[in-house]
Amino acid sequence: MSPNDVFDALILILLITCALAIARMKDLAAAVILFSVYSFALCLLWVHRGAPDVAMTEAAVGAGITAVLFFYTLARTGRREK
Amino acid sequence: MRNALALLIVIVLAGLMMAGVSQLPPPGSPDGAVHRHVAAHYIDGGTEAGGAPNLVTAVLLNYRALDTYGEVVVIFAALVAVLAVGLSGHSRGPRRQPDELPVSPVVDRIIRLLAPFIALFALFMILEGHVLPGGGFQGGVVLGALLILLSLVLGPRRIRRMLPTPALFWTRAIAPLVFALTAIAGLALAGWLFALPEPAWLRELILVGLELAIGIGAALALVGFYLSLEADHHD
Amino acid sequence: MSELLLTTFAAVLIAAGCLFFLAGTIGLLRLPDFYCRLHATTKCDAVGAVLILLGVALIAGADTQTVRIVALIALIAISSPTAGHALARAGWHAGHRPWTREENDEPE
Amino acid sequence: MTEGLAHLDYIAVVILFAIGLYVVLTKQNLIKKIIGLNIMETAVFGLIVTSGMVDGGSPPLLGQGLEPPYASPIAHALVLTGIVVALSVTALALVLILRVKAECGSIELDELLEPDE
């Protein structure tokens, strides 16, 4: 197993952990923040896969703008899931 | 009960997908389906046929320009739908207004300091997108993020004043318009839609124009999404 | 000889940066309240990342890459403390009060 | 990659997709459903980018001194368009949710589906 594989495997584990945490989370604001973390991990993986274009877009869209849009919605609908 | 049923469905589906995925060649092997057909041709074609050294841009703006046109139209349609469905001028749900926290002077100063650099970087990504990683969408997204950041710090009203409505009306549609123009120009000059005409400088000019249009369109779409979600005093 | 010296120095810088990140992460997991955790993580962001980038810049040598790395260091040095400040301010406004030993004997 | 781990990426992607689908199916909160939808989308993007990768490949940039083999540019272009469209979909869904909240006063699906007396 090369260091590259270890790196890949760690990121994949981080991704799955984040996704599971998002699924369990009752606090929607925390879920959105976790989704940002998830997006950043994904974009790390994509730089590693030789896709810098995609990684840049994902960093700006997934981690930045999506979170802002979600937060503005949460400000009006309440942050707790019933 | 319903959750258990959903879990069962998901597990069955995941099992089927696992079975399908295990038939694929392992990721990274050069004989995957993705690498064998047109991709090899695109890479061999190089800068001459593709029009841009960044092959992603070449695929987006030259080989698959029609697809990109469709996508640009999708984004524009989403923007129109958001603006139409948005709560502007309607009875709004009570917004849980946090008592106004004035912007910290530190944050305000730093954002003002950094904003020109971010804008420069976004422009660089758009204009150099056919050579280096980057391009219309990436740069446009960064530009949109910058505008959103500014409106978080300076207040949405300032941003609205920066983007006056009559100008916005046409600028929002710039990406589909420029794409349609390019398609027709290609048809007239070289015989097929989105053809890039011969002299190299003209090609590059067209590519940069397309990138700029995509970038501005994407940035304005993002700002439009943001403003209509944020809207308390939409005009 | 100087090559070796340079590489060693770069390695030391990168290792120090990683140490900062480790400390910051442990702090994030172990410290009792929002402000302490922020205190730990902001430092690892600012100092750790800058140290690692300095090491990388040393290895890259006099190159166009180095200019970009220096610009990156400047941006991180400016923006990371600002983000920490904004977070702490927002936390205070949202009603988090600093943890003190007298009020809560048991850290969570 | 070593033999047993060869399909690790694909397996992870399938797991992510399944988690997203589970969130979409079971959660009653509409915003949570949208987050689940986003996870599903990113899982699909992950699948496409991963299948476009070549071992030891470099980003598909000509004239930058990068050596072939290059990763497949088609996969990257597809995902690029996909990300931006996904964002548009998310924004539209969020605006619709705000509208539902304004009209019906709730964004929990089970409360919305209860027949009014």
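By written order: A, B, C and D. Residues from 1 in each chain.
Heads up, the rule we're going with is that contacts are C-beta pairs under 8 Å (C-beta built on N, C-alpha and C of every residue); 3 or more make two chains touch, one makes a residue touch a chain.
If you're wondering where the values come from, they're calculated on a predicted model, not measured in any experiment.
Undergrad: What is the touch distance from subunit A to subunit C, in steps?
TA: Minimum step count, subunit A to subunit C: 2.
Undergrad: Comparing the two chain pairs, does B-D have more C-beta contacts than A-B, or is it the other way round?
TA: Counting C-beta pairs in contact for A-B and B-D gives the edge to B-D.
Undergrad: Quick one: which chain's Cα centre is the longest way from subunit B's?
TA: Result for the farthest chain: C.
Undergrad: From the C-alpha centre of subunit A to that of subunit B, how far is it in Å?
TA: Their C-alpha centroids are separated by 19 Å.
Undergrad: Measuring from the mean C-alpha position of subunit B to the mean C-alpha position of subunit D, what distance in angstrom results?
TA: 16
Undergrad: Please report how many Å separate the Cα centroid of subunit A from that of subunit D, as a whole number.
TA: 10
Undergrad: CA centre of subunit B versus CA centre of subunit C: separation in Å?
TA: The computed centroid separation for subunit B versus subunit C comes out at 32 Å.
Undergrad: Which positions in subunit B are in touch with at least two other chains?
TA: 54, 56, 93, 98, 133, 135, 137-138, 141, 222, 225, 229
Undergrad: Please list all residues of subunit C that touch 2 or more other chains.
TA: Answer for subunit C, listing residues that touch two or more other chains: there are none.
Undergrad: Could you tell me which residues belong to subunit A and also touch two or more other chains?
TA: If we look for residues of subunit A contacting two or more partner chains, we find 52-53, 57, 61, 65, 69, 72-73, 76-77.
Undergrad: Between which chains does touch occur?
TA: A-B, A-D, B-C, B-D
Undergrad: Using the touch definition from the top, list the residues of subunit B that touch subunit A in their complex.
TA: Where subunit B meets subunit A, its residues are 54, 56, 93, 95-96, 98, 125, 133-135, 137-138, 141-142, 144-145, 148, 152, 222, 225-226, 229-230.
Undergrad: Along subunit A, where are the residues that touch subunit D in the complex?
TA: 1, 5, 8-9, 12, 15-16, 19-20, 22-23, 28, 31-32, 35, 38-39, 42, 45-46, 49-54, 57-58, 61-62, 65-66, 69-70, 72-74, 76-77, 81-82
Undergrad: Okay, in this complex, where on subunit D does subunit A touch?
TA: Those residues of subunit D that touch subunit A are 1-2, 5, 8-9, 12, 15-16, 19-20, 22-23, 27-29, 31-32, 34-36, 38-39, 42, 45-46, 49-50, 52-54, 57-60, 70-71, 75-76, 79-80, 83-84, 86-87, 90-91, 94, 97-98, 101, 107-108.
Undergrad: What residues of subunit B sit close enough to touch subunit D in their complex?
TA: Per the stated touch rule, the residues are 2-3, 6-7, 9-11, 13-14, 17-18, 21-22, 24, 26-30, 32-35, 38-39, 42-43, 46-47, 53-56, 58-60, 64, 67-68, 71, 74-75, 78-79, 81-82, 85-87, 90-93, 131-133, 135, 137-138, 141, 218, 221-222, 225, 228-229.
Undergrad: In the complex, go through subunit A and note every residue touching subunit B.
TA: Spelled out, the residues of subunit A in touch with subunit B are 52-53, 56-57, 60-61, 64-65, 68-69, 72-73, 75-78.
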